[in-house]
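Common to both upcoming complexes is chain A, partnered first by chain B, then by chain C.
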Partner chain A sequence: MIATRERGRSRLRQELPREAEPPRLLGSLARWLWLGVGVLALLLFFSLAGDDWFTIINYCLIAAIATLALNLLSGYTGQISLGLAFFMGLGGYTAAFLGGNPPQGALDPWGLGLPVFIWLPAAGLVAALVGALIGPSALRLRGFYLGIVTLALVFIGNYLFRNLSFITGGPQGRNFPVPAFGGFSLDQQNSILGIALTSGQQYFLLILVILLLSALFVYNLSRSRVGRAMRAVRDHEVGAAIMGVNLFEVKMGAFVLSSFLAGVAGALYVSYARYVIPDYWSLSLSIQFVAAIIIGGIADVWGSILGAAFVFALPQVIDYFSLLPPSTGGGGLSSGDLNALLYGLLIIVFLLFEPGGVIGLVRRLRPGRPRLQAAGASAAGAGADAATLKEGGESIEVVDLQQRASGPDEEQGRRRTGAS
Partner chain B sequence: MAYFLQLVFAGVAQGCIYALIGLGFSIIFKASQVINFAQGELLLVGTYVVASAVLNWHLPFLLALPLGLLVTILIGLLFERLVLRRMIGRPPFTVLMITIGLDIILRTLVVVGWGSRTIPAATPFTVTSGFNVAGVHLGSSDLWTIGVTIVLCAALYYFFRRTRYGLAMRATALDQEAALAMGIDVRTVYALAWGLAAAITTLGGVLLAIDSLAIDPNFGNAALVAFPAIILGGLDSVSGAVVGGVIIGLTSVLTAGYESRLPAVVGTGLHEVTPYLIMILILLIRPYGLFGSRKVERV
Partner chain C sequence: MSERPNYSTLPGHNHQLKANEPLLRVEQLSVRFAGVRALSEVSFTVWPGELFAVIGPNGAGKTSLFNVLSRVYQPEAGRVTFAGQELLRLKPHQVARAGIARTFQNMGQFPTMTVLDYLLLGRHTRMHSGILRAGLFIGPTRREEWENRTYCLHILDLLNMKEVRDRPLGSLPYGLQKRADLARALAMEPRLLLLDEPVAGMSLEETEEIAAIILEIKEQLGITQILVEHDMALVMGLADRVLVLDFGRVIAEGRPAEVQANPAVIKAYLGEESEQLPAPADDLPAVSEN
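Showing the complex of A and B:
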């Protein structure tokens, strides 16, 4: 760009239609309306639903946090990982070690009895730290090597979890800490502002807040410069490198952040389930999350939540209404089997015909969407180009890259790429 | 000493099984650059069909085996024809994910059809058959496994070096466009690769089932142990799969055999993870494996 910075910038802004502006989180009336509808639906659910429903929804919300973690790494950054279960397990056992009750007998697993605002973040931090240690060797190679290394991690992790019985309780499993704020413990009935809340309702509030924070974080990250770099790495590594993106840094960042979120989700899971055996953190758990991001929508926050609901809540809902006989081990179709068949099939169908997942389908069918996004969505839907796993709004990215090239940190950018 | 030799023999036999399963991976990878995640479940379906044919329908083993092979070959061909052919040109990420979809479906179908209980595997041998040499028991099933692997590898070697379709497959692996230009029907090559890989993997699975006497829906995970074998040998190397398989089989069986003599800190089940530990080590030192081509790109 030869023009001066100010002129170049303003010219670019003028050329673009208004829709190309990155949307503000609550920038339009429609978004405020949706927020209102969402809050109303939550309030209705909260006041009307029974305990069974809270169990189903709470597990589903925890799964949504983990799905977001995987989507950050696989969806936005394009790095295949099968190790999510391992990082969740790490988070879970960190929580157990820090927050669990001190051992009574010699054979009891260890616990330090620390409060929730220490063990919950620590669960994420430990998972992130382990991710940062493993990342350099796993991300050094292109292609599916990360997938293979993380596959190995799940098995190695399972071996460790089974054998480190002073933390994990061994194959028999162990009990896990309950979040408590002062004398306010989430496993018993409490009242807030004079409203009596059941244990399920309190967990619901806690998990919902953490899910909202994670979702906002991922959403905002994806719209930032880092997010654009992540998508550039996914769509074309060489191209991204030429643009000055540090491939290793971006991949490592995504891996570490994803591990952090997975660790937090793992800690929440064990704390809600109260009892988990080491075999729970298996490859099939990881694969369920892969199914969730593909079905819900690659590189999309709403997609992650929808995908988690589909994969993790649907079998429970089918069970709740007793639509199918429970699994007996003797064959025949149980609700879990039906769901697995369904999501196996849906993975194939979505990847073939609608790589954007459920949310891609919704976005495509929704009337009155911005023009640029429509173009992006239909291009992805047609599957014409090689890089099919992308969402709408590429034009915005192009603008930003140009701005960056003529931006204030031009010198720095040049030095980093080593060009000219 | 006899104990050690016994373990070595068992390790080589198990390594041959991993080699066969690994060959399935590398044939598909070589032809189409796809890592087939559903390999283990193809093997699972195959062994279940063979077991049912022998135990429920009372077919002789030598008739049941081709039946099992036929079923998995058909699944492989159908999947290649109906799904993967539409995926040509998509990123490897997407293609790997779609084989995960097939993996889930096949596994669930086995659970729905046969139940999740453990069932006995079909075997043409009795447990004690075989003979003793210098205090080492050479079981018939292990001898057959080693023999079948050697014959099959020789046949594959001949196939890839001398026959029309073998050469076509290698040409396609080398350069798809050039192969097309030379008049090679790349579609036939892909179909051939999937059929061949499904058959070899299933054969490996049936042999493994004979070895372990019983099968359940987790039996397909055996294919994941073959993963370290092919990474060790080099993803795109056929002879590498065999060498990698034998190394992995040996270390796994030897660790299992001496696990009780290791310090208690090691705990139980170390032999289940040694293949993966070796694999991570190899990826750190020599990421393209012992025999693979040095095409690996570093970031």
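Showing the complex of A and C:
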């Protein structure tokens, strides 16, 4: 496979100019070095870390898949969604229904006992299908309105998950399937190639592979025609349509793919947590992912992973190392309080000082990179204002075009200009 | 530009046009917003290969006209035929595929996009990778990306912009942003190019460069162009024919010299008493209230 790709690339290299070569994943020595560092770090972690650490990191990697899903929809395509928890829940319960154990008693929730290579993809596909059904009506809305509709999904989902107890187990929750490959099941210690692996280590490998595949897919999208169209839709819908971008198609693609990834993440989560109540798929879960893309970095694969680490792993790490008690029952600082404080502070700091998130900070500190100057952006803004003024006679049209085109705050700014 | 770039090396821009068939025919077009008539029964025809200019005072309806042609506005009445096709039946994104490209009057829509990515975005309808193929980035997608990047770099080379290929649009000076926009429109391989004030806010030098490019596009690529512009010197120097709008109505149409001498045009621009056309670019910031 890799050999044929290399051949394909070298043939293209003979036919087409080198300067036009698309950006490559491992296109520079530095990237190979980073890959080496990454692999080394993973190996060290894998061989040295204890069970507690695997628990923290595994949840974090699952969250990274879901963060990637949200970043695809909100970060790359600009469609605000608070419905991620709903799609994760769908994935989780699809996995439970297809992969869970057949009921023993009359009150037990249903389960078909199918193998992992069916229930895991199916979890994504069912979430994607529901996304495809909801998308056409939801995506007619924009900005905050889309946010509210997807918020409603979370509440509808919560109601369904509580009441469809033959699948979800109702408020008491239910057990979930464990991935099993051939003879060995991931909840037990198994030895692969003579190496004894704990349950946490096995889950780590499975989740890591799925995360890497998802990340690669999103990265590939972002450097291709579809990714450019997504960013264009995010930045300026009318402009994108003028370039020939089918807005509906692009938004639907992002929505469905995002739902798929969220479904897979949900299935992995339930499978790893083993016990989940319907209330878990709540608004606050969705909002944590929104925080993750803001802290990590909008429209960035690494940003998604870092964001998930900050929001889903850092609090656990602080709990783990903190000398503070987990809860004080009023009075004094607990590690939970400390986490809540840090979390809020991080969001505020990043929104105010580094809208590019952690990854924006990293990329900004890296020398020799072209970056967007604030001066350039304001020059463009001034140009837009001048145009509004100049076209004063046609201000109705201008406002109309920009209402269709821009976000609420920008719109407000232009209205102000138009009114002056 | 010192040496004349050879635009005819751009593949895809070889339009075999029947000169006796209009490329664009606009008939009795009317647009109205909340009681304001932006366009009233506007009719005109643009022939293949022509450089057709639309001028008029502020609020005359020039931008409205472009917004109808790119299907941003739905007209109240009228008919638009483009290359034998009913334009008003198309959805906005289908207009580009049909062969109409438009430049933006003001930039700033895509500030974080690099120049090269912006041109590639312009080639959206000329590329085919869907979400699955792009996500896997298998052979055909890599080839498609590579070929289209080659094409876009060629355009950037012709427009003397290759050094800024990886710069975000928002970081470029305004004139360069507008030139990148023109390059993007060219990358779309249009049959009809709508230029919405291509030199607005540009220095004299930049204006001359853009004028040269517009002429090369006409002469070497044979792309039909409609130019909306305030810079009267540019319009009169470049256009084959000029359409003058005032308060949404056609008040004159003809060769630049004819239009310039037309009393109705002079009146529209300067009111009753004056007898001269305004100096170029003087009317740019004039009107700010309606």
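Note that in this section the second predicted complex is superposed on the first by the 334 of 420 C-alpha atoms of A that agree within 3 Å, B and C clash if a C-alpha of one lies under 4 Å from a C-alpha of the other, contacts with A are read in each partner's own complex, and residues count from 1 in each chain.
Rule of thumb we're sticking to: contacts are C-beta pairs under 8 Å (C-beta built on N, C-alpha and C of every residue); 3 or more make two chains touch, one makes a residue touch a chain.
What you are looking at is a predicted structure, and each value in this text was computed from that prediction instead of being measured.
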item: Partner chain(s) touched by A:314 [first = chain B, second = chain C, both, neither]; value: neither
item: Touched partner set for A:159, first chain B, second chain C, both or neither; value: first
item: Touched partner set for A:355, first chain B, second chain C, both or neither; value: first
item: First (chain B), second (chain C), both or neither touched by A:341; value: first
item: First, second, both or neither for A:285, with chain B first and chain C second; value: neither
item: Contacts of A:257 with chain B and chain C, given as first, second, both or neither; value: second
item: First, second, both or neither for A:149, with chain B first and chain C second; value: first
item: First, second, both or neither for A:90, with chain B first and chain C second; value: neither
item: Touched partner set for A:80, first chain B, second chain C, both or neither; value: first
item: Footprint overlap on chain A, where chain B in one structure and chain C in the other make contact; value: 247, 386-387, 389
item: Residue numbers on chain C that touch chain A, as the complex places them; value: 33-34, 36, 38, 57-61, 63-64, 67, 70, 72-73, 91-97, 102, 104-113, 117, 120-122, 124-125, 127-131, 134-139, 141-147, 149-150, 153, 166-174, 177, 184, 188, 200-201, 284-285, 287-290
item: Touching residues on chain B, where the partner in the complex is chain A; value: 35, 83, 86-87, 89-94, 96-98, 100-105, 107-109, 111-117, 221, 224, 227-228, 231, 266-270, 272-273, 276-277, 279-280, 283-284, 287, 296-299
item: In the complex with chain C, residue positions of chain A that touch it; value: 5, 8-9, 12, 16-17, 19-22, 217-218, 220-221, 223-229, 231-232, 235-236, 238-247, 253, 257, 370-373, 376-377, 379-381, 383-384, 386-387, 389-398, 400-401, 404-405
item: List of chain A residues in touch with chain B within their complex; value: 74, 78, 80, 137, 139-145, 147-149, 151-152, 155-156, 159, 162-163, 237, 247-248, 251, 283, 287, 290-291, 294, 327-333, 337, 340-341, 343-348, 351-352, 355, 386-389
